[in-house]
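The same chain A turns up in both complexes below, where it pairs with chain B and then with chain C.
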Partner chain A sequence: MRTTDGNAMKRFFPMVLFLLLVAAFLMAVAVGSHPIPLKAVTSILLHPGAGEWPHSWVQILWKLRLPRALAAMMVGGVLAVGGGTCQGLFRNPLAEPYLLGISSGASLGAALAIVFLPFGAFAGLSVIGLAAFLGSLVVTVTVFSAAGRGAFRLPATLLLAGIAVAFLCQSGVWLIMALNRDQVERITFWTLGSLSSVGWSGVMWLALITAPVVLAQMALGRVLDVMSTGHDGAHGLGLDPSRMALILLTLTALGTAAAVSVAGTIGFIGLMVPHFLRWVIGPAHQRLLLSSWLGGGILLLLADAIARTVTAPGEIPVGVVTALMGAPFLLVMARGKQQSGRLDG
Partner chain B sequence: MASVALEFRQLQWSPSPGNFSLGPIDVQAHQGRFIALVGPNGAGKSTLLSLAAGLLRPKHGVVQLFGGSPQDYHPRERGRMMSILTQDPERPFGFTVSRYVAMGRFAHLGAFRRPGLQDQALIEKELNSWGIEALANRPVTNLSGGEFQRVRLARALVQEPQVLALDEPGNHLDLSSRVAILTRLRDEAQKGRCVMAVLHDVNDAMLWADEVWLMGKGLLLEVGHPQDVLNPHHLENLYGVELKSFVDADGRRMLGPSSSSL
Partner chain C sequence: MRRFRFLFLVFALVLGWTGSLAASGQADAVSSSSSHKKSSKSLVVRDFHGREIQLDEPAQRVVALSPVITETVFALEQGNSLVGKTEYCDYPPEAQGITTIGSLREPDIEAIAALEPDLVVASAHFSEEHLRQLEALGITVAVLMAPDSLRGGQEAVIRPLATLLGAEDKAKDLILQLNQQIDAELEKVKSFQFQPRVYYVVGFGDGGDWTAGGDTFIGEMIELAGGENIAQDTEGWSFSLEALVARDPDVIFIPSWADGVFQNSPVYSDLRAVQSGNVFVVDENTIVRQGPRIGEGLASLVSIVAQMQ
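Moving on to the complex of A and B:
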């Protein structure tokens, strides 16, 4: 008997997800208002200068679809990893990366920028995106300091502080909308989340922040395992739970802030993907977080492909698609749990 | 006498708002001893264990674990010195018994090493010794209270600590498992560990422990050999129950409520 509980299926699951991610990625760059055959896609990606395909295809792929697909993959991935981290840390299968008020802080930042600084860019990121990034970080710091030292001993204090600050920010957003009726549509659209304006600079920004964040979270997988035994349990096993919680939540906040600064507050991925994967492959966090990154990428690539094809050449906000996918999924999961009599994974 | 594992000097503690206060307490716990903490509910036994493990910070005085404050050690170093079993543990969702027990090796392996062959052998040995090897692949959330308690004891021993602190280790356990635990704890003490356990049954303390710390209302009332400390004179006022001392067929002295208090 070995003490890894991996049967073959669980151990190879990340490989399967990786292949699915590659497939989803190729599909995502192929479909759209101007479909490009898969054969052309691979050939243009591998030999961009060959010139055997129409110039417009090369342009669409390299200027629009490729950065957008890369962004979808990284945003979906980092949200799902953040969700997996929060679910382990708070020992709650309904935790998600937005629960510390991050999304409402980002919305407030974005709404302020839309009204007061509507144009311009800085370091390759739109001013709106930058404001969202700063908004989410400010909110995170506020929530951490409001909850106080030792907040991890009673996660409820952290969650309460998060809910309070989220309400505060949300009322700020509503106030801005009430005073600026002409910007209501832009603010709402931003809040629903979209990848339509992502270019290469957004991709670089995402890679720069989310790659180290996600790798660090995966590296701390065993720490998360120990943390999921609770504050006193983790302390007794030989770690400092408050310090580790702070490190893991800071990583989550950074990654989530980067994601919302580029794509707005796309919902459900951070909740749904790790929740589902925990049920399929178990709670060991190294494997779970790796799988969550792959699964989050797959899901957002698919959702974004749907968002820009069903009403082509128009687009629907990708957050609407993820919500439409997420709600029935959660209902099915809830029903399954009710039958097995457990709500915990 | 064997070397000192834990020392409490002028130790005092109280919750910031609250009417309970612990101490001052002055006592030493030596290696190679099985120490039973005995006393009524609210006497401060669990608080004392939490202070020893560094889960709480003393208000006054000091706790010394092998000469240093438990809160000043690197957490993993502290984990190799001492493992603590608290009373109401959380069950991490979805983890199997074997993975849960393997977490006991964290203090030795750290975040980046996976359990090697020796670790695996140790884990298997403990699962076997608690008779839970058949549960290895069951999620801890699906165990009965008694099964989970044995899993936790296996995890605490896999941690190979110098000091084992246990809050009511016999909780949820049937008679045979309770006897197995107490015997195992005594064996571990004989191997040189310092075992500190909160025990509610005074006869358990009488039969298995080397030393009793009798506590009441936040104070350490008596320290000494079980036969000397656990007598009706010390316990009747403390518990508010009339007690009778009797000798069983093997000649061992035991305690029970006297017939007038039934």
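Moving on to the complex of A and C:
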């Protein structure tokens, strides 16, 4: 994989991923707890108003599977891009988008909403989702200001501040759970992540936030290349590394917050996908982030399809599937790296 | 480890019991034979764990650690003897004035001890640790839990509780009434021509879709009331919106907190049952508590199915 042929392969890799994404998307729309023949699926998607198939099938495809698949693709994509950004920025293979306390901030927001304002929606998004979104952003700002401006020169400070705030939020969640035992299940299942209630408004919300975020992160891919070699290099090129780090992390936080507000804290994708792709196609960030978006989308589409079908007509939380798929994979990879003697990709 | 401790406890209890028998000799042996008329007849029941619970006289200060126990104590007209209850014990309204000793899963042992009860009655969700703690304080604890069946609560909860409260005559009446009510409802069901397809909402929306599967007691109640549970083929509580849309039930049962929200949520609002106004609020507590109101719970389901005829 690291020979000269490899370069051509690396260049075409995003193309391959794109085709896989299309395949995964079609598969996600075609399968579900209720069997709908492939012929009907294509016909309903191409001519939704034709009326030759049962009304419930049209409902299932247009109101449930299609928005859900689009959401899975965008959530998986933005999480993986966020992970790729963090891993490059912190020069650490363990970095992931939930690093700065974002997931625990989201959980705290969601838990508060579940207990105090369990119903209601605003602009088509549930109050719980909005609270999770605000929770992640509040936590990010807190971490940034707690660590101080100097922190962007020394990532360890930022990571420590993130861990501290994460613990703070987590204890808040546990307190809420202890005081509201009847809501423990809802809070737990929210944390495990699910795409079961995503509708078109959720899809619009995701597209509105994650599309510009992901594009901006890819556009900053070159900057990330320089930053990941160390701050001296960045200074040498006239970049202000603190400012760049702030911008990149803010983008990551925004994208992750949007993902979490719609799907809960789905784990492993942001860690695993960029980690694996860095190993396959190398550290050039523009290509890496593009591939991560595609790869994250593929993975979450597959994981959600499994979550929807394996216990049909019931569902299992998609976060369980991503972790089950991800953990062995990471173990195998870590072993391979140990043999090749390099751990930083 | 925990199991060993429990076994040790049982062993110690048995030793202690046989020891005290030997020491007190005849007097004890006399009072424990229930047919004897001279001494005050001791009250003995076997609880859910097979433990023998014995009182010398009807309990005067009772703490109920479950809503079903509170409801049953009142149904037996022994509400005056209730000195403590959990925060979930919301029925009957008279129960509201009674001291709360914590939640169903986390009863406050200190608060219970402070009430100086002569009997604590627990039911589902009561942990072994709490049982041990209370017994270590010398408090008599009975765990009374109904098996999942329509009439299961009668012998598992109502009758033994009545014995411990000295209200056996009232229990006889109560069980008789309950059986008459249940029989009358089941009789109505026999005359139904149409078996509507039912969906029972346990949860919906953000947290996923949850219903009562075929192996649950609620699922059984739906079938007994003449409905066909559309989640009959599932086990447990997990369901999906897709399956709900595909199976498009005739009638939907919802808990009161979901009323209005469910009918107005996207996708759910397009369901046939919602469109035709066949969404009914069901008081889940009358069903799942399996107490003296179970006949009422069955009747509420049957009356909805009757409307669908």
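Note that the second predicted complex is superposed on the first by the 337 of 345 C-alpha atoms of A that agree within 3 Å, B and C clash if a C-alpha of one lies under 4 Å from a C-alpha of the other, contacts with A are read in each partner's own complex, and residues count from 1 in each chain.
Note that a contact is a pair of C-beta atoms (placed from the backbone, for glycine too) under 8 Å apart; a residue touches a chain by one contact, two chains touch by 3 or more.
All of these numbers come straight from a predicted model, not from anything done at the bench.
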State whether chain B and chain C clash or fit side by side on chain A once the two structures are superposed. fit
According to the stated criteria, A:A312 is in contact with first (chain B), second (chain C), both, or neither; which is it? second
Under the stated touch criterion, which partner chain does A:P93 make contact with: chain B (first), chain C (second), both, or neither? first
State whether A:A40 touches chain B only (first), chain C only (second), both chains, or neither. neither
So in the superposed three-chain picture, is A:M333 touching just chain B, just chain C, both, or none of them (first/second/both/neither)? neither
According to the stated criteria, A:G282 is in contact with first (chain B), second (chain C), both, or neither; which is it? first
With the two structures laid over each other on chain A, which partner does A:S56 touch: chain B (first), chain C (second), both, or neither? second
Put simply, what angle do chain B and chain C open at chain A, by C-alpha centres, to the nearest 10°? 140
Identify the partner contact of A:D240: answer first if only chain B is touched, second if only chain C is, both if each is, neither if none is. first
Please give the nearest C-alpha separation between chain B and chain C in the three-chain superposition, to the whole Å. 41
Touching chain B in one complex and chain C in the other: list those residues of chain A. none
State the interface residues of chain B toward chain A in the complex, per the touch definition above. 53-55, 75-80, 82-86, 89-90, 92-96, 98-104, 106-107, 111-112, 115, 120, 123-124, 133, 136-137, 141, 159
Interfacial residue positions of chain A with respect to chain B in the complex: 1-5, 91, 93, 219-220, 222-223, 225-226, 228-230, 232-233, 235-240, 278, 282-284, 342, 344-345
Where on chain C is chain A touching in the complex? 103-106, 203, 205-209, 213, 231, 233-234, 236, 238-243, 245-248, 261, 266-267, 270
State the interface residues of chain A toward chain C in the complex, per the touch definition above. 32-34, 56-57, 59-60, 63-65, 119, 126, 128-129, 181, 185-186, 189-190, 194, 196-197, 199, 201, 308, 311-317
